[in-house]
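Consider the two complexes below, in which subunit A is the common component and subunit B and subunit C are the respective partners.
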Partner chain A sequence: MSEITAEQVAHLAHLARIELSPEEIESLTKELGSIVDNVAKVTEVATPNVPATSHPIPLVNIFRPDVVGETLTQEQALRGAPEHAEGRFKVSAILGEEQ
Partner chain B sequence: MAKPDLMDFDRALELYEPVLGFEVHVELNTATKMFSDAPNYFGGEPNTNITPVDLGLPGSLPVVNEQAIRYSISLGLALGCSIAESSRFARKNYFYPDLAKNYQISQYDEPIAYRGSVDVELEDGRSFTIPIERAHMEEDAGKLTHVGGSTGRIQGAEYSLVDYNRAGVPLVEIVTDIIYGADRDAPELAKAYVSTIRDIVVALGISDARMERGNLRCDANISLSPRGSGILGTRTETKNVNSLRSVERAIRYEIQRQAAILSAGGTITQETRHWHEDTGRTSAGRPKSDADDYRYFPEPDLLPVQPSTELIEELRAALPEAPALRRRRLKAEWGFTDLEFRDVVNSGLLNELAETVAAGASPQAARKWWTGEIARLANAAGVDSSSLVTAQQVAELIELVEAGTLTDRLARQVLEGVIAGEGSPAQVVDTRGLAVVSDDTALLAAIDEALAAQPDVLAKIRDGKVQAAGAVIGAVMKAMRGQADAARVRELVLERAK
Partner chain C sequence: MTTANDLIHISAADLAERLSSGEVSSVEATRAHLDRIEAVDGDVHAYLHVAADAALERAAEVDRLRAEGDAGLGPLAGVPVAIKDVLCTIDMPSTAGSRILEGWVPPYDATVVRKLREAHLIPLGKTNMDEFAMGSSTEHSAYGPTRNPWDLDRIPGGSGGGSAAAVAAFEAPFALGSDTGGSIRQPAAVTASVGVKPTYGGVSRYGAIALASSLDQVGPVSRTVLDSALLHDVIGGHDPRDSTSIPDTWPSMAAAARAGRREGAMKGMRVGVVKQLNGEGFQAGVTQRFTEALALLEEAGAEIVEIDAPHFEYAIAAYYLILPAEASSNLAKFDSVRFGLRVNPPGGGTVEQVMSATREAGFGPEVKRRIILGTYALSAGYYDAYYGSAQKVRTLIQRDFDAAFGRVDVLVTPSAPTTAFRLGEKLDDPLAMYLNDLTTIPANLAGVPGIGLPIGLAPEDGLPVGIQFMAPARADARLYTVGAALEQILEDRWGGPLLSQAPELAVATAGGTN
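Moving on to the complex of A and B:
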């Protein structure tokens, strides 16, 4: 059974800056728990000689040359922004300290 | 919090041993960013040096900059590290708008370089080995400007404006192991370490390494261990230290601050602290997150980096001489005393001197000009010596002095002309008409004139009062507007008295 607790869900919600009601935390705790359980099933069928992977294609060293290409214009860059000012993205200031 | 009490530094060192650790971020000077082909340049108009990758737009995919890999491997090798056979990128997840993706691409469990060491020299010549845990690649974040607060900081700000030009700039983060035994040298050691890292990346040519521009940034971790207890204290991480001098001051301050709290029975909070250059203090930032909170996981958009042995050996063979070895070699080649050499190193003029000597000047003359007149002018103007003149120009000036074309006094005027942009030393000599009058006929004419004005001088010299010649030499130098070699004038005056 999963070990996801309501406290963990509340903590994750805080890290993601998502406001959750107590009801939402309760239902998400159950949902996340069953997702984790389902994922855990995969480890049951994986044999020791299957190495862990983070990519479906076994490639390495895919690089690009250090050559400048095309950039966005400021107008293009800001086109999708809900708000902007002085050529920059405008965001709420109540987001806490810099990482 | 009110002004924290500080314990006297010496007293703090009697009671506690400082334990250090550093994270130095080096911005690489590649042409393009770490994962996109946007120019690696963050001045200029906001949000113009960016591509969809730097904004994390849907459907965009990062691709690793090959040059950044080469630079990172070179740096790892210069730090005496092993280069990982296989390394990979990871997502460091955090919610803050300095990156548009809500994560930073970094490296976590498989950094490109690991386990090395750097020899650092203190000002008095003692050497200290700093253990390096790892060097990993990551991307820089964008720049936020907080608007509406009185201080320009986040407290009280109404909103923030984000410029992503810096987002995605390639960084290498160099992480030391825990550093024990620095003792009362801790502040100086911190400065010497960052200075050495700067020397290394400059020698490698992989970063502009200007601390004031943020090309090189140091986070300093420090904790105090009660002397003899063997117990590690709680550490703080001081950020925003933007000069070598600040690194030293910040460490000193934290030792005094933590010692005051601990000796009063208090506890240190594990937190980020911000260094304030103006007040010379640190202030509390956010509590330090656990690594778990970043929910690192392998970056699925990128593939492992597995540098070939050939590439690693190619880069190893191309490494410049290690700064500590180079210093030892130059000191011996130049025949400087400890004091002379330390003076040059501590003034940050080693490279300037080396280039000037390479351009043909004698080491002593190069030292005299760089640490003397040029340093004085640079100080007065509040700029770096190297921004005033080039090594080539200084070497040319020295050559003109040694050839007898210029006296030191004239050379100083020529230097002013060179700094004012009037051309090369030879050009300034021409345009300002500053060359020494080496024509003895002209000098003798001036001497005779001066002797006629002071008829008693010759008699005095003949009586053995050689110092009487001074008055005549002075008059001749004045008549020649300083453009004569005083030693030659003196010879001629004494000859006249025979």
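Moving on to the complex of A and C:
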């Protein structure tokens, strides 16, 4: 069994910016443990002399002339935002009281 | 005379011919499909959005162009098509099955959608899917599951269960799907439809809401091999807006499919059966139909060879590290700032707290599971052991493919280990759910193309069984030839398509269901 703890899941949830409930942390701790146990088998064959593949079909850069193409208007870019003002995305405070 | 009933049952290729000869109009064809959706989609729930008015307007426009003798109309002009909700559409909501994107209408079309419009196809609507394409049953859609037209208590596969069910229930002649680990091919298997995952980079992904960028590929879903080929010809090719798009020119997939229907198409074709993806762990009826299909191919002149692919058994493990790692990065964009849902915690909060509350409310359980898993796999101290090792397994699987394609022209496996299971059966067991993509994942890891098509019903449950062929990267055309050849052999034996054996769906009328 891998040693995934509830504290670890809570920390991962913070890193991933998901406010998990205590019940979700509990069930995810169990599920993650069994998933990690199963996927850990990749280490059996991943020996040091095997190169890693990040991209299935090797490609080199394809360049286009450096001219302005079609872009979204400000109105189009803001249209889907939950809140916007003065041509910008609007968010709440960046810093909390303790910061 | 062509009746509305004919219009929904014929293939896209036949419909295109009748449109071009003037025997039927695009408005008639579009209305027939909209009526069918109205009649059966209450039960099937293949669609998340139906754009009836826009579809009829576009159809009328195509009819007008045709009447004027417009020479610029493509071969599929006026044929209706369904679009998986993972693809951005400027005139329809694009939610990827997630609450976090509920009602979001993108400011641009995906390239494949733009190509459909330029070829004068008629978008009918957006099809249901597992949230952000994470799942094998469509049960992870935030908007409720799609049901399998063969048995409404069973899953239609996933993540593209909506597109597969739409074509299998005659709610569209064909559809677009996306396939990251089997999301086109596995739904095809359990609904007796056809689906193709093209070579990685063969079809543009610009405007496809990304799940795992080194695996995702857009492709066609249909009832016949030729129809998938025709759609592939419309959507394929280089796109400067997708940096992973291959700049090759491609042969006509439709011509390749037609070549498969000629006498002797399979003669001398070397077909490799992957030892690791056959027998053990497969439902008896799946293995039986698969074995029979191999015998038919051999009878048609193919040479059947057993292939050893020793690293395929590590594919699922590698996939469930690479996919969550990439997904956790891709889904970071759902931050409550630029688009989609925003949930303010009680009493307000910092942007970080708003983001966390939004993602808690907007993501479903499978998405959270994979984001947390991906965050873990990428975190310091684990990266080399997990993500790094998974990338090495990817190399080993590519080498298995290279060795195999040195000996054979195509590889063959069942498309899925079982027939359609019951809704709810595997929902609480993520590991059992992940095993459904056992045979389809290797192609995504290696970037090679795959086609799935029906090969019969399993004797024990009367449900569809699918077969998958895989070819070397860039050899997509070969899959259409082989697929069309086997399809013709099987349909000759069955006396028609397998889908004609599907049970009739109850039809809703204004007064209720009869």
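Just so we're on the same page, the second predicted complex is superposed on the first by the 77 of 99 C-alpha atoms of A that agree within 3 Å, B and C clash if a C-alpha of one lies under 4 Å from a C-alpha of the other, contacts with A are read in each partner's own complex, and residues count from 1 in each chain.
The criterion applied here is as follows: contacts are C-beta pairs under 8 Å (C-beta built on N, C-alpha and C of every residue); 3 or more make two chains touch, one makes a residue touch a chain.
On a predicted model such as this, the values are computed, not experimentally measured, just so you know.
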{"item": "Which of subunit B and subunit C A:20 touches, first, second, both or neither", "value": "second"}
{"item": "First, second, both or neither for A:65, with subunit B first and subunit C second", "value": "first"}
{"item": "Residues of subunit A touched, compared between subunit B and subunit C (which is higher)", "value": "C"}
{"item": "Partner chain in contact with A:55 - subunit B first, subunit C second, else both or neither", "value": "both"}
{"item": "Touching partner for A:40 - first (subunit B), second (subunit C), both, neither", "value": "second"}
{"item": "Touched partner set for A:74, first subunit B, second subunit C, both or neither", "value": "first"}
{"item": "Which superposed partner A:28 touches (first subunit B, second subunit C, both, neither)", "value": "second"}
{"item": "A:92 touches, of subunit B and subunit C: first, second, both or neither?", "value": "both"}
{"item": "Common ground on subunit A, meaning residues reached by subunit C in one complex and by subunit B in the other", "value": "15-17, 54-55, 57, 59, 62, 64, 72, 77, 80, 89, 91-93, 95-96"}
{"item": "Residues on subunit A engaged by subunit B in the complex (per definition of touch)", "value": "15-17, 54-55, 57, 59-74, 77-78, 80, 85-93, 95-99"}
{"item": "Touching residues (chain side subunit B, partner subunit A) in the complex", "value": "30-32, 37-39, 45-52, 55, 57, 63-69, 86, 88, 93-98, 100, 104, 141, 144-149, 154, 157-164, 272, 285-286, 289, 293, 295, 297-300, 302-307"}
{"item": "Complex interface listing, subunit C residues touching subunit A", "value": "104-108, 199-201, 214-215, 240, 243-244, 246-247, 311, 314, 316-318, 320-321, 328, 332, 335-342, 344-345, 348-357, 359-360, 363, 365, 368-369, 371-373, 375-376, 379, 385-386, 388-396, 398, 430-431, 444-448, 473"}
{"item": "Partner subunit C, residues of subunit A touching it in the complex", "value": "4, 8-9, 12-21, 24, 28, 31-32, 34-36, 38-47, 50-57, 59, 62, 64, 72, 76-77, 79-83, 89, 91-96"}
